[in-house]
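Heads up: the structure comes next, in structure tokens.
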């Protein structure tokens, strides 16, 4: 061992180095976010709770097919509607259920959606989806998907509304909602 | 102090109660400060929900531990399992009877004549400290053994070997101070430092560092926390303990930390004395009461404990033994020789 | 340091068998090791795995090719991007797809960030295993920034699902490259800080040098890949041997160790983080314009055949063996899990060491049970 | 960066970059004349049953009973020191043997890889290659666990990912993805054989 090495060893330079780092961080700005009082705002592309718009949906089942774990259940029937005096067959949504408790938020359903703007999206910035009972409260049918009843939306985020862009959770670009849900 | 019975019974009783309360509260709040300082070193905030800035956290913890279910493993050695926490806690608290927290004081004029703020000063004080505190190891071993858990058993065995090994260099480093002081009494040791005009940390710097290392090892603290190394032995000897029994182990550990720091203060940092107690130039420091000096020095040691915990990795068992027997013991012996020679040349202890 | 060579157990000693895990603070999840002990010395260790087995390979067989990608996220959940990269690389090779250069560069950035993130988790937990608590928090603070970058890019932080067959699903958001560059530029200083805490620390050295030594020949024999192999001094990295994406266009070194012990593997990984920083910096500088998605059919339907494609994951060679019968679902999709194969060597490495060393060795192998059990 | 989505307008004459073309999948080719195959054939002339090259990867089908010889020759003679992967594929209806056991080897000297394949009928033992590469140990255990292929001479052929007493081999094509009643012998003293906890059940309090 060299003399220098011996000296550094006797005077514990290696240990003092470590102590200096932790000592420095003692006065460092703290990284903690005090969660319920302070919340982090998710990024624009954040995949959170679902938004769904029945008007935009063309009942093509692409989302259900794209879902890797088959948690989107769709049922539809044909109805005759009059458009410009002509009778046309139109698909009508009976049921659009998402078993959110099993969802892994991969976003493939949103990517598969052919409508513009998409009829199902996850960019609602809402992540506080905890519930006391998962079978009831985390199973969403199409009404709840559009109103998020039972799941607390992220504060400051309005539930998606008519004409709202999926990447516009604050609703700034779209018409103001009449009533802000919770 | 008219009635001798008051002096004989009541005053010590009051002192005992006060010291016990202070030590237990200190242990509780030491846990708070440890969590807080550790958190700050780890760029976190630490406990801050119970009470303002989390000040009531230790109280909340204590309450929680009181009401917690007390689980005794069905195949544990019940009696020993019950006794073990007491065996470690009692010595840790008893030892505080001989720690001199400050010089004789009238408590800001409350008393007519000055009274020592410590319980007693026995002429073998330091021997008493070393002797009684080493009884605590039985609590660890028995607790580990009686839990009937292999991790606990290993923790207990580690602890036994560790505590016994580190008593030896620790004893030798204390002897170096005793040579300089010429007394075993804790108060006399402090007074010897006053006479010498210098804390013993300066002539006994090597003994001081050996004492610190051994002290950290004796209290099973990082980087010597092998008996309860959570990444290896889950929680070591107290894996199976819960509720108040666990709290006793916890209390003993923190009380021991305070104890080791107090003894280090008395032996090396001049107890309640200000720096360079005879230097007139520093006389303005005398406005600070002696027990504040004492508390500040103890606090410094405790901070170092926490700082070490926040910084260092953990030794391995054989490396710990090698450090104790192959490094600290020879160095402490050599230091003893040097200090002895020095004392002899300077004309013997004061 | 290596005073711990296996010695004959004492003649009248009693062996003790301890079950480490599956609930144990230092087994990185649900690994269980049955350890036979003589005192504290390990006579034999037997890893027992499968507590996290989810049948991922069976699930793959019922998914479309793009639908398998979210499932790969959940294998090595500390390195979802490299898992994605391996899978889409395999399918692309099978279909003959050339990924647009911009997508390839984005993939490299994501993969290298993921390597940094994975090594950061390794460093934090490894240090925690050896008893140093604090690096865990320092490292995770940096990882948080990486996760933020991922969140901004693909919307998820851990299970990214951030690659598709044929390219990238999204383009980079505005300002992402600047934030990414700012992060990687300051990272070497952070790494130096972590090293100040550990590299020269005598306790760290005592705990890691000479622990879990494996020679280069033995490492190859046991099929080790990644940092455990490079720590033994084998200069082997899929990124150099079989360059995928555009790794042949960037300049980086492969750090190797000399002794094949825990300390060398530690140094290798620390250096790998710096090299990843270099790669990310180069990628961001070279990042070409253009599309991020190649022209691939909407329904991914590779031809009949079989292919093996591997990437250099943070843990080692992560390979996907795809057997296609020409339909939209993989006929068989086998994962070559790096951790699974690296873990196999554990009994070899710990025999004759102390219990504490086993914890260090489990840490240094950098296992993720999600990938081992799949 | 959104505008970068649109490619800069290109010259009409310039050929399209490959990512704009329809992808051309690789074709399987007979690889009997491939250099790596010839190397093997030079050492063991009669083992090459079939050789296919697909996307640059050479697959060699060898007789199942000769697999250890071939592997040893590949490792010792041809320098395939590194067994990258060992797995199996289930071709349920195939007449010449239900399973493919696949060995995927790497050679460090020139970074070449070679795939060996042995066709095995259900219930037929394959000889273990753990004597050749130590790494094969767990891979063979996994293949046994997942496919029920028995490896003779394996030092410790136990189930590895599922538990002892698991009923069935999950990666066989006839194993339903919904799972089977596993007959889990998890707690033999609590549950009678075949009566273990069922997936999705409430469990026993």
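Letters are used for the chains, namely A, B, C and D, taken in the order the chains are written, and counting of residues starts over at 1 for each.
In this section, a contact is a pair of C-beta atoms (placed from the backbone, for glycine too) under 8 Å apart; a residue touches a chain by one contact, two chains touch by 3 or more.
All figures in this text were calculated on a predicted structure; none of them were measured in a lab.
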item: Of A-B and A-C, pair with higher C-beta contact tally; value: A-C
item: Identity of the chain that, by mean CA position, is farthest from subunit D; value: B
item: Subunit A-subunit C separation of Cα centroids, rounded to whole Å; value: 28
item: Cα-centroid distance, subunit A relative to subunit B, in whole angstrom; value: 53
item: Interchain centroid distance [CA atoms averaged], subunit B/subunit D, Å; value: 62
item: Distance between chain centroids, defined by C-alpha means - subunit C, subunit D (Å); value: 21
item: Touching two or more other chains - residues of subunit B; value: 41-44, 310-312
item: Junction residues of subunit A, two or more chains touched; value: 15, 18, 21-22, 25, 31
item: Pairs of chains in contact (touch as defined earlier), listed by label; value: A-B, A-C, B-C, C-D
item: Subunit C to subunit D touching residues, read off their complex; value: 49-50, 53, 55, 57-59, 61-62, 93-100, 102, 166-167, 171-174, 176-177, 220-223, 236, 241-242, 289-292, 294-297, 302-308, 310, 317, 319, 321, 323, 331-332, 334, 336, 340-341, 344, 373-374
item: Footprint of subunit C on subunit B - complex, ascending; value: 38, 41-44, 150-151, 154, 158, 222-223, 225-226, 229-234, 309-319
item: Touch list for subunit C against partner subunit A, complex; value: 63-64, 66-71, 73-74, 134, 137-138, 141, 144, 148, 151-156, 159, 161, 169-170, 173, 193, 196-198, 200-202
item: For the subunit B and subunit A complex, residues of the former touching the latter; value: 37, 40-45, 307-308, 310-312
item: Parts of subunit C lying in touch with subunit B, wherever the complex brings them together; value: 3-4, 16, 18, 24-26, 40, 127-134, 136-138, 141, 197-198, 201, 203-204, 206-207, 354-357, 359
